[in-house]
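Structure in structure tokens, see below.
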Amino acid sequence: MTSTPDYGCAFALWRGEAARWDAYVNHAFVAGLRDGSLPRERFLNYLRQDYVFLIHFSRAWALATAKAGTLEEMTTTSATVHALVHHEMPMHVRLCAEAGIDAATLEATEEAPGNLAYTRYVLEAGYSGDFLDLLAALAPCVLGYGEIGVRLMGAETPYRDWIETYGGEEYQDLCREVGALIDGALARRLGADWPSLPRAAELSHRFATATRLEVGFWEMALAG
Amino acid sequence: MTSTPDYGCAFALWRGEAARWDAYVNHAFVAGLRDGSLPRERFLNYLRQDYVFLIHFSRAWALATAKAGTLEEMTTTSATVHALVHHEMPMHVRLCAEAGIDAATLEATEEAPGNLAYTRYVLEAGYSGDFLDLLAALAPCVLGYGEIGVRLMGAETPYRDWIETYGGEEYQDLCREVGALIDGALARRLGADWPSLPRAAELSHRFATATRLEVGFWEMALAG
Amino acid sequence: MTSTPDYGCAFALWRGEAARWDAYVNHAFVAGLRDGSLPRERFLNYLRQDYVFLIHFSRAWALATAKAGTLEEMTTTSATVHALVHHEMPMHVRLCAEAGIDAATLEATEEAPGNLAYTRYVLEAGYSGDFLDLLAALAPCVLGYGEIGVRLMGAETPYRDWIETYGGEEYQDLCREVGALIDGALARRLGADWPSLPRAAELSHRFATATRLEVGFWEMALAG
Amino acid sequence: MTSTPDYGCAFALWRGEAARWDAYVNHAFVAGLRDGSLPRERFLNYLRQDYVFLIHFSRAWALATAKAGTLEEMTTTSATVHALVHHEMPMHVRLCAEAGIDAATLEATEEAPGNLAYTRYVLEAGYSGDFLDLLAALAPCVLGYGEIGVRLMGAETPYRDWIETYGGEEYQDLCREVGALIDGALARRLGADWPSLPRAAELSHRFATATRLEVGFWEMALAG
């Protein structure tokens, strides 16, 4: 039996309220990563779409810096952008290259509707809402991958590299940092009792919608 | 044989370049509206999702006013918002009420992923791009419904009311006005030879992506 | 002795906390409107800048529609945009024409820094923050003019027309509506006890900054 | 006689068209930095306002990453944000500390209207326009400081440190990089003949307005 990782209060709350959380973190795609039954071709399809996803996800984190309220919030979010653009994306390009997908093919990937739905939802939440709306929409991806990574650690599977990226200490530290960023941002704006405010339902709904779209992303990767 | 309605230069160009345009305007859903074979339940499902769609679509037109470059652009776009919010949406509420869907049920509609994908794509195009990006993303809905309306006029079908709304003179005037708004906005910013600029490919891509998402919207309505 | 007009709870609170509120509503420019000592040339200078101001102010109200959370919020804000763009601005053009400033001269007005500072502050508050940030930044202009109008009603001055526009019942109704919009938006998101939240200080700061910039606008009009 | 530094084509063009460029780079504040006649107290006042300025300027560069069109544009802009937030701002805090302004005092700086006008203009240009509008509004600060730095290098003055920061090779490299980013972004969207398009006048106007606001920033620092 696995316990839920501790990424802070907001995560625990929103995770419990998101109807599709289990459908996301225990998806057939995830099970296929764990036992190795996921066809290689589906995984490569996922990698290609994930590359396009990461571009828009980095843009969304950059938007968070633009909408931050304190220097500390700017520091954390801009460090995340820097890590995504200057480390994670080049690594992704390398990983794809090793799998026989060259940079040009990667660049030419047509964004699938399920991908487009997710990234534009997150970005629009940020533009139309405020820093909190954006964080609530960003959280399921960052923290859900952390939870999946932790759960799958140690599995004997050809997808071990992928698992260790997200289950490893570096990524787990990032998850705790992002969790703390969210808790801090909430307390700073809405006070300690924020879960009792109507605003809490909006934010939880943002998290739940992004979670629904994560399920859609796995579906797209399996089907595409 | 039906000819294409004349909604201006940009529309003619972008329509010709959008791979999925025919799939959109000649979709099985549209055929079902024409010959009346569309099950009533599918139509009501569509109306419910379209109500949620119209909310976000109105927000996107309001964003166009915020991003307009001239008073005339502000006048046209804000008149569209006003028509959507103060006339089209109340009419939609009435139409649904007649079909037995009360306001509370309508408000409680869960936004389907295909709906969400489309509206957030349009809004994000507007926020991340400029006035032209937003218009290119808004065009397939406004003008495509005009084209469908014109083509279906005169059909003997229980969906005649819907057809006459979009095929009728008032809506056709709006289409010509929006077409002129787009052509004027392009010329004002990019000059008469704008189709030869790299920017033209970006805008055509915006239009083509929104068209893809229109196809997804019909799929969702048929399946939902 | 004049009492403060009742435009709702948030206005009463924020007005009391804005250090420069009196400097704004009792500015030398306002005194000059009341007793007629304001030189005609300064008033015309103000009208020209105010025309540019109204363009950006209308854009900011349109952004409010894009960022609204309910259909009712969309209805109120889009009605304001419509009134500004389709009634107030044409009236402004007429008023200027009567004063000998033709449309071309009006259009060619170079935006003064004090004007630019104010409008961009409001728009940026809306883009970087959420619906509440935007309303808090919009409030001092709408409601402050209402307060000034009420106070100056009945004054024997060549600026009676201007005073009656803002002191008259139609504009006073708008002020009460905007006040109710703000109170409703706050309660809907933050609950009844919102003034006790840290968020309240941010919003009050938005209001106070916009008030400071109103003072700057009068200074610019007197000096320019 | 000093020549103009070569930061690319767009800079050369816009600089030549900005009516207030000389008023900016040869301002009395700049002359006072060169010959040391600038009162220390005015310089410290400038540092305090500049700290607040850098926060919003970093936010604007982060917005550029969110609005970028290619991975390369994301890489350059996010590197700038990282440099600003993780190097330049901590350095600024140290510099202020050495001058006897502690972090708390710095944080408590009330943003002067001239500061507010400038930063909100830049951010709003980015939000309401596109990537190009944002770059045109960002350019006068980045590149103007480069030009001032180069011109003042070698001056015997207590403000040598400041001069060497902007006149030194590292900052000059950044200026050339930003110049190339702008030229590339223009060509990628508008083609090689972009200066002949109506859009060019809009962008030049953005640059000229931001230049006017730089003059206002020096005025504020001298007066404040």
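When the chains are written out, they are named A, B, C and D in that same order, and each has its own residue count from 1.
As a working rule, a contact is a pair of C-beta atoms (placed from the backbone, for glycine too) under 8 Å apart; a residue touches a chain by one contact, two chains touch by 3 or more.
Model, not experiment: these values are computed from the prediction.
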Touching subunit A and subunit D alike: which chains? B, C
Interface overlap for subunit B and subunit C, more than half of numbers shared or less than half: same or different? same
How many angstrom lie between the centres of subunit A and subunit C, each centre taken as the mean Cα position? 42
Need the CA-centroid distance for the pair subunit B / subunit C, whole Å please. 34
Computed distance of Cα centres, subunit B from subunit A, in Å: 31
Junction residues of subunit D, two or more chains touched: 59, 66-67, 123, 127-128
If each chain is a node and each touching pair an edge, is that a line, ring, star, complete or other? complete
Okay, in this complex, where on subunit B does subunit C touch? 55, 58-60, 62-63, 65-68, 71, 74-75, 77-79, 81-82, 85-86, 89, 123
Sort out for me which residues of subunit A touch subunit C in the complex. 66-67, 69, 127-130, 133, 188-191, 196-199, 202
Which residues of subunit C touch subunit D in the complex? 59, 111, 113-114, 116-117, 120-121, 123-124, 127-128, 209, 212-213, 216
